[in-house]
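What follows is a set of notes on a single structure, which appears directly below.
Labels for the chains are A, B, C and D, by order of writing; each one numbers its residues from 1.
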Amino acid sequence: MRLPTFENTALARRGFLKNLLAIPAALMLAHTSVPALADEVNSTGLAVTDDTVKVGILHSVTGTMAISETGSVQAEKLAIEQINAMGGVLGRKIEYIQEDGASDWPTFAEKSKKLLVQDKVAAVFGCWTSASRKAALPVFEQYNGMLYYPTFYEGLEQSPNVIYTGQEATQQILEGLDWAAREKGAKKFYLLGSDYIWPRTSNKIARKHIENVLGSKVVGEEYYPLGHTQFNSVINKIKLKKPDVVFISVVGGSNVAFYKQLKAAGIDMGKEKPLFLTISVTEDEILGIGGENIEGIYASMKYFQSLPNENNQAFVKAFKERWGDDIVIGDVTQAAYLGPWLWKAAVEKAGSFDIDKVREASPGIELTTAPEGYVRVHKNHHLWSKTRIGLAEPDGQYKVVYESDELIEPDPFPEGYQ
Amino acid sequence: MFAEYSASELTSIFAMQGFAGLILFSVFVLMALGLAIIFGQMGVINMAHGEFMILGAYVTYIISNLFADYLPSIYGSYFFLAMIVAFFVTAALGAFVEWAMIRHLYHRPLDTLLATWGLSLILQQLYRTVFGAREVGVTLPDWLMGSYPVTDMVEVPVNGLFVMGLTIVITVGVALMMQKSRLGKQTRAVVQNRPMAAAVGINTEKVDRMTFALGCGIAGIAGSAFTMIGSTGPTSGQLYIVDTFLVVVFGGASSLLGTVASAFTISQAQSTMEFFLSGSMAKVLTLLFVVGILMLRPQGLFTLKVRH
Amino acid sequence: MNKFADFIARNQYSHMIILAVLLLVILPLSMDIFRLNLVGKYLTYAFVALGLVLCWGYGGILSLGQGVFFGLGGYCMAMFLKLEASSPENTAIQSTPGIPDFMDWNQLTELPWFWEPFHSFGFTLFAVIAVPAVFAFIIAVAMFKRRVGGVYFAIITQAVAAILTILIIGQQGYTGGVNGITDLRTLHGWDIRTDEAKYILYYINALLLFLALFVAAFVIKSKLGRLLVAMRESEERVRFSGYDVSGFKIFIFCLAAAISAVGGAMFTLQVGFMSPTFVGIVPSIEMVIFCALGGRLSILGAVYGTLLVNWAKTSFSESFPELWLFAMGALFIGVVMAFPNGLAGVYQRYIEPLLLKMSKKDDSPSAPTPAAKDASSDKADTSEETLTSEERKHA
Amino acid sequence: MLESTKSIPAKDFVLSVEGLTVSFDGFKAVNDLSLYVEEQEIRVIIGPNGAGKTTVLDLICGRTKATEGSIKFKGKELTKLNEHQIVHAGVGRKFQNPSIYEDLTVFENLELSFPRGRNVWGALFFRRDKEVVDKVKEIADMIFLGDKLDTSADLLSHGQKQWLEIGMLLIQDPELLMLDEPVAGMSVSERKQTADLLHRITKDRSVLVIEHDMQFVADIADRVTVLHQGKVLSEGSMDRVQSDPKVVEVYLGH
């Protein structure tokens, strides 16, 4: 299962979470390489001193999106703290500047600009919705910043200034649909989503795949405004159309309403008639929905908190120690956690914080210690990753029932799906 | 449009859609009733109405947790206690808000709108600080889950029935209260002629406070009921505010009957359109329909013609 | 009597000059381009606040959907810029080159008809004003001819904002959806993202704002302005003096919409994108508070109010993001309850008398008492009395 | 200054109200009422409370819409017009409670009533020229407020406010002036001044007055109409009306 490594990423490979006691060694290792580079490293025009390097964290901590983005902030802070505990990056401690995007897209643009122009941060970990990324993207391109974007998203984008640590749509969707067709014999699909770009693009890809590749049928496609809370009508339609699979990309508070109403309408999701397959409900959302209301649905994502590998067990333990026992970790939270580590690896490979050098160094960077297992940066700035199918259980966790054999290549501009 | 369905399926469709419409109707009535009292009787525009509802939901969440921890044996009955507590907690907050803020603004109705919007921001942030930014899941007692299968296709959700029953009880209760009780009579007296009411010995300040508290308390009960069908998060309340106001205005602000009729009209229109159109377009058309009617009939569905 | 009037006039003139010096000299000299660009962005909201002074402060029409007009103006400008950014060369990788990227993602193969005219800059400038104004006109005629006002109007404008937001988000093939229209680069080949461009756009924005201020001042000082004050107090009397009240309301609402739209267009130019978030209810209500903080009857107050709230928002959210909403909420409540006439009211009640006292000492020993008001005296002055008389009435 | 050229045949009625009915939720406040006012006539409407006096004025000036019947003013049907169109046609109305702009000065109050610049653009580009100022001053003198032009209207006494409102009507030079209790709440000396004022201003126009003060009514009325329960109970000269047994019964019985 381990793929050959391209680069020498000794530190990364050490298994940073296995034993924090190993840190002194790492610290010394890091320090020895500093003096020779100091002048060069400090003269990139970024906020780098002999001891510190500044990065930005840009998520919504207020407004409607705070619900979703809180986990990402926690993950990024944890990763930074762990990196610092290991001696930092190129011997420099990471200092983060946190800004609030306030669930407002122009604010994301404004704050990105502030982080890049005024604070001169070496990297920004942030954004969550596509809209916030689209708003901030021109700023990153104009001022040549580096953004690590954690959310699974619709693709159709490939910026030299962004590393996409979540999955793009084809990675997340196709495997799930194939699995439903192969394992469950699904022939009729019903597509349901919130009304904005990610669900619409995802469903477009899903429809093409269902119709052209699987040779099956889409019996309904439906969108509701963001924040909609009444789903009885669509539930009736689902009952009537009797699809084999309902493929769901409803987001935010609508989720809670949808699953509660689904359950109340007498649909036992565990019976898999129809089977509910979501790409939008992570463990974070289940917290609000309530495990008993969503028990029996399937999710197609790259990460679940219950993944049994060692990396993940250490990660979950560290996360809970840092943020409390009650906390859950979803797909995006894990992807956000990768950001600082991928950046660290790239900086160390480049031997510099310089944005251009980091960018050049990024493709091929791999993390063998990622909680999701092994990831590698593709030259299109997305990650190679596996896709897994999880079955929701009453305790609010997913049980992994399937895992793709190979790493799936990211393909943000999928041929034949546009 | 209907060709693809059999006759029995069509019957089922209409039965199910009718029921879905009734649930939506109940939701609208619950949302709007408190607001109709506050806005219709007092002329105060409470933009924090949604936040009062969410307070009721959070109270329900706390009580359900307390029951789970200390009284697991009678967990199933927590919901009734939760609704009662939700009513009193939100009513108490309402009374406080009336005392601290609203009573100074009675002669400036548009300003109550701004001040209560400020209040809603503060409450949202308060919820976020206390309960966290994430949504909380309120576990429903088992008896509220599930459904009664009527036929193969038609199933009646228990919590839908519960919400409808609750709506009827509260609506009838409020109507009786406004008609028969001392507070109701005093409220109507104050609405019709404040100086005269004061002159005959009604404590108008107290009546105002009680009315506002009552409206907020009903919002609290609504919030408690909504934990069954919706989400509970710091900003969940905002989702309801526009719809709620439209229901009240559409009904003709001063009439409870109007509110009920308006909730019925809007819910049926929306649920019918939702079935034939996509969800977003149904919503747009419903709103357009309401705005259009309001343009033709600004006073709303039910109003008394009054002499100048 | 004339001396006093002169003083007021001179004084008011001087207020405008102080603002001009602040916006055109002090801020550009004391700030780096990043901060100045932020100020420029805030000033685009000031257009909306100014419109609200006219239609809410003077006309008594509270609209909770001014963001709709800001957004429409902004979208018109964004459509032009997006078309320019989507030249066939720039979009060669698309399946249909020459149309905006989001259309391509949504399988549109040709430009929708209503986008076509936005190839022309002249038409765009016209549309920036005309589209929102016509939209406002339709709403206003429907509502005001039927004498819908006050709370009802506020709620209906909210519903309109909700409708438009859902439509824009839902029709993403035509509008860019929730992401809005992003990645705007050039205006007739002129790169609007450079620092020089930002300076120039800042100045254009500031000058347009002054133009809008002059228009607003002209309207307020005209008989129409006095009629608006009169209408707010006794609409019936105005009607029985032979005026068609709805006509004036329609006019002032459309004017406010047009002014807001100019702000929206300048926003698009300075920030480089437009998104449906502005069309929604929350920003619309925030703009009302900018106006209320500045003083709902003061056109200059609208500018100061906007700058102040946004400055506070930016600095607060940089240091204590969680506290920001508490502060903002408290601001809403505080302004409404303690200073219903906002900063301008505070200025008039406490600072202006002080200034007058000082100037009396300086040059005019026989200045008349402030009570002897000239018929032509400034409206802001009378407005201060509005409130006191209102308060008296309800006391 | 107040002379205007009116050329209506003498025998025509300026105002003819026929079969006028209005009902509020079934209650007929005015019921099949007919009323004719001649040119230059001063007509006073009296009647007990609730007789529908104010409603009649409301109907004529367009404030309330009639359920049935017609109101013709100089041959023009008023029931289909808006308030401002009725004003333009030449009907002025004074309300029971003084209805003036308290935020504005006396000068501004009168200026706003000056019949020019009545549409949006006219108001926007209205200039305060000599004609306006002269006219305002003339009216102000007539209503005893010549020295109070710059006073904010809310500082006036109750009687002065009544006069100001009358002045605001006069400046429009209406052909039919409707006054709802013009001397209510006035002191004795103010009443005298008002009666004097009314005598002067009613020379060139028809006037419809609602009044309770019988002395004042006898003083000014050409003819008197007595309303009762939305209907005309009696009509004629003051003497005739006063001796009508129906009227006596209604007043005493009330």
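Throughout what follows, contacts are C-beta pairs under 8 Å (C-beta built on N, C-alpha and C of every residue); 3 or more make two chains touch, one makes a residue touch a chain.
Everything quoted here is computed from the prediction, not taken from an experiment.
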| item | value |
| --- | --- |
| Touching chain A and also chain B, the following chains | C |
| Nearest-to-centre chain - CA centroid comparison | C |
| Chain separated most widely from chain C, comparing mean CA positions | D |
| Geometric centre distance via CA averages, chain D-chain A, whole Å | 76 |
| For chain B paired with chain C, centre-to-centre distance based on mean C-alpha positions, whole Å | 34 |
| Whole-Å gap separating chain C and chain D, where each centre is the average of the chain's CA atoms | 43 |
| Inter-chain centre distance, chain A versus chain C - centres from mean C-alpha coordinates, in Å | 39 |
| Where chain A touches two or more other chains at once, by residue number | 61-62, 195, 223, 225 |
| Sites on chain D at which at least two other chains make contact | 63 |
| Per-residue overlap in chain C, given as positions that touch at least 2 other chains | 166, 169-170, 322, 325 |
| Footprint of chain C on chain A - complex, ascending | 61-62, 98-100, 102, 104-106, 109-110, 113-114, 117-118, 129-131, 134-135, 137-138, 142, 156, 195-197, 200-201, 204, 223, 225-226, 413, 418 |
| Contact set on chain D toward chain C in their complex | 61, 63, 82-84, 87-88, 92-93, 95, 99-105, 107-108, 111-113, 115, 117-120, 123-126, 128, 149-150, 152, 154, 168, 172 |
| Chain C residues within the chain D interface of the complex | 1, 219, 222-224, 226-227, 229-230, 232-234, 236-245, 247-248, 251, 372-376, 382-383, 385-386, 389, 392 |
| Contact footprint of chain B on chain A as seen in their complex | 61-64, 66-67, 70, 195, 222-225, 227-230, 232-237, 239-240, 253-257, 260-261, 263-266, 284-293 |
| Parts of chain B lying in touch with chain A, wherever the complex brings them together | 5, 9, 12-13, 16-17, 19-20, 23-24, 27, 125, 128, 132-140, 145-147, 149, 153, 155, 157-160, 228-236, 238-240, 270-271, 274-275, 278-280, 282-283 |
